[in-house]
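Below are two complexes that have chain A in common, paired first with chain B and then with chain C.
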Partner chain A sequence: MANKVFVTGMGIMSAIGNSVEETLYSLSNNRSGIEKIRYLETSHKDNFVVGEVKLSNKELIELAGIGTYNRTTLLGYIAVREALKMASITDMKEARTGFISSTTVAGMCHTELLYKGFFEGKNNENFMDHHLNGVSTNDIASHFGIRDYVTSISTACSSAANAMILGARLIKNNILDRVVVGGVDPLSKFTLNGFNTLMILDNEWSKPFDENRKGLNLGEGAAFLVLESEKWVKEKNKKVLAQLIGYGNANDAFHQTASSPEGHGALLAMQKAFKVAGITPDQIDYINAHGTGTPNNDASEGIAMQTIFKNHVPKFSSTKAFTGHTLAAAAAVEAVISILAIQNSMIFPCLNRKEQMKNLTITPVDTLEKNVSLDYVMSNSFGFGGNCSSLIFAKN
Partner chain B sequence: MEIYINGMACISHHDTVDENYFFEDIGSVPLNNQLIATEPNYKDHIPANLIRRMSHIVKMGVSTGMMSMKSAGLEEVDAIVTGTGMGCCEDTDKFLRMLLDNDERFLTPTSFIQSTHNTVAGQIALQIKCNGYNFTYVHQNLSFEYALLDAMMLLKEQEALTVLVGAVDEITPSMFELFYRGGHIKKLENVQPIWNSNTNGYIVGEGAGFFNISRIATPSTYAKIKGVKCIQGISDANELTNEVNSFLAEIGLEKDQISLVLSGNSGDVVTDKKISEFNKTINLPIAYFKHLCGEYFTSSTFALWLAANIIKRQVVPNAIFPDQAQVLNIQNILIVNHHEDNQYSLMCISKC
Partner chain C sequence: MSDQNYITSFCSIKSSKVCINSHIDYSESSQVSSIDFLKSAYKHYQLAYPKFYKMDSLCKLALITSDLLLKTNKITENYNKEEIAIVIANSVSSLETDVEYQTTIDKNNYFPSPTVFVYTLPNILLGEIAIRNGIKGENTFFVFDKFDAGFMSSYINSLLNNSRAKCCITGWVDFYENKVESFLYTVEKQPGIMNIEHTSEQLTKLYTNQ
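Up next, the complex of A and B:
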């Protein structure tokens, strides 16, 4: 499987911007997108801060310009459009092209508005047409005319990492020449209340890798990458942003929602990624950690990093205090951020952090670092169900 | 490289968990518009303390996975790949109603935790302590097919020697009402044999099917998987015929080597139009399966389980075969499935 996998385009919608350019601006100016709830209709409006995309549904409909769809499809469509444009792809038939999207709640943001009324007989709108996970994937794929391999993945908060892993494997197995991969999750009452019942939300700004961290801030967004085969990139003489050089998927097999204290699944995923990449841990220059800001995740992930990197843990940070935890989209959001770090020789900081975690010996980067040459960047994502995934991007 | 089904299990409306049962007692017309799963004794497959907290779909999925492992004589696998079209409807419904009814107060986390689509894959990994590759596909009626394609790719990549792959969907009262009021499910008085139906809507069903697949055949092997193909949609029956022909060419089979076609007619006169036309013109023996399991997004697990059983037993149950002609020496079975004419899939398995 000699075919290398290159990133040639990316697109992003999140709390810190409606494009790659806006995202870079926010990241390099310490501008977090976490604010009081503005758009989501919820009785918790004043109880939590969240990372909303700063556009109403109406504004999203205008920006997308494809008609009336729910927030999920619109966010995804706009991000895919940007990614395809950056990769200069217009003709879907010139190569075998796939689309792999991921989501956890899909159209829930729309369903929860209609659900009660439907079952009380007050409305008859069939929200199933928006609700199911495959719907937004199919809608987006059909808008761009992608047909060769169109599928949806849901592995909780590691979903988009798995979309990228699948995309890379399809290219390496010579099933596709190029594939758009990523994820999308809108903010919904369902997830806000779900995470609230688990008592892992911080009412204020989250503090990843801080001793006094209380939990995560939810976010929403979409991010997609265009992956293309080495062969196709050479044939078309395309501009390359980065290489997806390594990836690993493993299961913690410890608990439905919690990570094992020693981060066993995380460790296995990182080990697999090194094996696929053919590099050693000491070659990693920066890790964009999962770093949700929950007591459990950051402790478990930190221990796993200390184990695999022994006494030489590279520079690392979590960028979730910028974007919020965008669930299924998170790994793709952070893949875009990792590639921006490589391209701009910057490490974006772990915001809001004050006190060293007592059970870790390592400390994240907490102020913006410039002029740092990054050859290899690792990005980690973990989810409910024990799903752990790790990706490695290379500069060349 | 060959890929073998070395173990499998299926929960469906009929008593498919009983190894000796093969639809001997079934007529051609179901008596209901909803085919609820016949559940096994879950205690035989899942620790009792876990069963209590599991919803219907999780119990079906996990127990079917465990039964498949048992049938393959395995206690561990290298990877777990699952699919679900609708996910955990019961828990999603429960949490959503609770939050809407109580204005987002007084909520408990259990149903939220179990509402995520990867719950079944995660629970199986927990139960058999599998730290390997773990993936969940949620692409409507192609959820199982994409899971199977991934599982086969893992074997080809030599990333795994044995993979547990399967899918599950449940029908809950809320989902039934939703699809019934939306006109998707047949009215009771319109239930007919699905291969000869002139009424709207389908008979809805639920179930789980899991398969242990490997590059190495064992004494328990059922069949070889020749190929799987997903199709994003077709414009007419002709296009379906062309897709089938190119699929057969890809997997190196001539049309007349296909002993039997299992057709995914759902009984909906409108959306079955293309597949019915295809069935008439393909000139091969056609059998049906959705009158036994009902229509659901991952009903192709039932079809694959049925096909593998037919190949191993060399018997076509009368209940699925309106022709009632004798089909002998069953070498290759082609499954053609669709859901409401949206996405189509093709699967082919062969005798070992």
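Up next, the complex of A and C:
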């Protein structure tokens, strides 16, 4: 029988905190991290609210203490450091260890500030070397000495879920004993302007699953999980936070930047996750939805949930009104939140929601719920290009 | 189940000629530009897919080739949409559109277009084929120096033999300057009317004859 995959550590940096502990505090006190733009250099400063990590690049450099790197590498490094510490991993050579990181922005946050100067001959900033997708992954892996398997994934907003899926498969197939998986995306003009062009940003606080939702708020962050094989966990008698029991990835085959009205891709991803997990939909206690707050996503995702769970949709919420949509980090940010929900028997609310969506019969949890025993939690992430992923975490 | 898989249909577009299962189905003078030829082929076959006009040349070429392939072999009717994989490779990536996009970010003439930008990745053509036909199986795009029959045959055979897919649309689509060619084919577990084994040797022979 294939190895089970356990989560033994997690680390997170987002608008609602610079650690797992701070994140839990914000979530359980209704503290959203979405505010006016403070750090991103953009002419849209007063036009949008975003979920920034509340540290400047200079402060991040100090916090990381590894020298001068771009925001992507710094955020990722700090989150990985926390995850490894929680998992009590110090020696990379004692087991086959991998690192799978996802990003969509990569070095663009730095490139966009410096490329004009580059054409004027000021090319001494060395930014070209840090532009490519895999550079932050390699930088972080080499700082921690992870060598057995290192790769980057970029599938838009489902990226980190796919990093977790790949990591889980590598463990199940006995290729790795443990793997650090997750994603990092800093805010950048590139993404802010891009999403603005697509007209799916809300200028005010986003309202996931509200009839009058206008769009999403962008966020930034990094989150990583340490996945370890059942065999290695037993051998080392390690503390387990949760088990990653199911996962599915499917394509919606509908549109480059929109989901099908029926949520075909979402449905397929969830179905595959149930198949891998070997559980039935009625066993799910809570769904951390993708719930971006765009008219299209929430309608499509809601319909897909109603289809797969028939008339018994479990409690669900989107936590994006806390963190903003952190793109390639989103699935990892929400995996950490899902595991915090399991550990603390809490369901974190869907903020800012006022009016029931007309085309859905289901309503998300919109106030904090405590003392709810959660055995199985599903976390969904859907990306542009119709790339849909679903994960299932179990308490034990 | 046998590990043997079969090439069950193929279609290629090269030098202003459309070949379906080895016979020339439509052609024009080789003087005509590649892009004009694609437009006239689109009209000739009455493909009726208005989104075609929005696509870049690489996707136009892939779309026409796949449309004709799926007309001759109706796999989308014979299999579930989740059972059909798409695996395509080329050598020039999306360079044609990358170069075009580059001209729109020139500092003297700065007008970047999102419509062009979305085509600055080669795997977009997989998405276009998937969206056109509602195909939801595995899909992957590779960039190689040249058509690699050994890699393609072993990769696709492994997909089918490990039950990752029951049928695959695969092949090669290049569009850059004078390097314009497509060669797409279907692989299935049954021999079909073509009865060509999906091996590196057979594939090389077939590709070279196009």
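One rule holds for everything that comes next: the second predicted complex is superposed on the first by the 389 of 396 C-alpha atoms of A that agree within 3 Å, B and C clash if a C-alpha of one lies under 4 Å from a C-alpha of the other, contacts with A are read in each partner's own complex, and residues count from 1 in each chain.
One rule holds for everything that comes next: a residue touches a chain if its C-beta (ideal position, glycine included) is under 8 Å from a C-beta of that chain, and two chains touch if they have at least 3 such contacts.
Keep in mind that what you see is a predicted model, and the values were worked out from it rather than measured.
Undergrad: After the overlay on chain A, what do you see for chain B versus chain C, clash or fit?
TA: In the arrangement built by aligning on chain A, the partners chain C and chain B clash.
Undergrad: Is A:G386 touching anything from chain B or chain C once the two structures are fitted on A? First, second, both or neither.
TA: Touch status of A:G386: both partners.
Undergrad: For A:T42, using the defined touch cut-off, is the partner it touches chain B, chain C, both, or neither? Pick first, second, both or neither.
TA: A:T42 sits against chain B, while chain C stays out of touch.
Undergrad: As a test of reading the superposition: which chain, chain B or chain C, is in touch with more residues of chain A?
TA: B
Undergrad: Scan A:F254 for contacts with chain B and chain C and give back first, second, both or neither.
TA: both
Undergrad: Under the stated touch criterion, which partner chain does A:P281 make contact with: chain B (first), chain C (second), both, or neither?
TA: Neither chain B nor chain C is touched by A:P281.
Undergrad: Taking the superposition on A as described, I'd like to know which of chain B and chain C A:P295 touches: first, second, both or neither.
TA: In the superposition, A:P295 touches no partner, neither chain B nor chain C.
Undergrad: With the two structures fitted on A, what stretch of chain B runs into chain C, 25-33, 187-195 or 205-213?
TA: With the two structures superposed, the offending stretch of chain B is 205-213.
Undergrad: Considering only the contact definition stated at the top, list the common interface residues of chain A for chain B and chain C.
TA: Correct list for chain A: 116, 119, 194, 197-198, 250-256, 264-265, 268, 385-386.
Undergrad: Can you tell me which positions in chain A touch chain B when the two form their complex?
TA: Within the complex, chain A contacts chain B at residues 1, 42-44, 103-104, 111-112, 115-116, 118-119, 124, 126, 128, 132-135, 137-138, 141-142, 147, 149-156, 162, 166, 169-170, 173, 175, 189-190, 193-194, 196-198, 249-257, 264-265, 268, 383-387.
Undergrad: Okay, in this complex, where on chain C does chain A touch?
TA: 81-82, 107, 114, 118, 124, 127, 130-131, 133-136, 139
Undergrad: Show me the residue ranges of chain A that touch chain C in the complex, using the header's touch definition.
TA: Within the complex, chain A contacts chain C at residues 116, 119, 194, 197-198, 250-256, 264-265, 268, 385-386.
Undergrad: Would you pull the chain B residues touching chain A in the complex into a rising list?
TA: 80, 85-87, 92, 95-97, 99-101, 103-105, 107-109, 112-119, 121-123, 125-126, 129-140, 142-143, 146, 150, 153, 156-157, 174, 177-179, 181-182, 230, 232, 342-343
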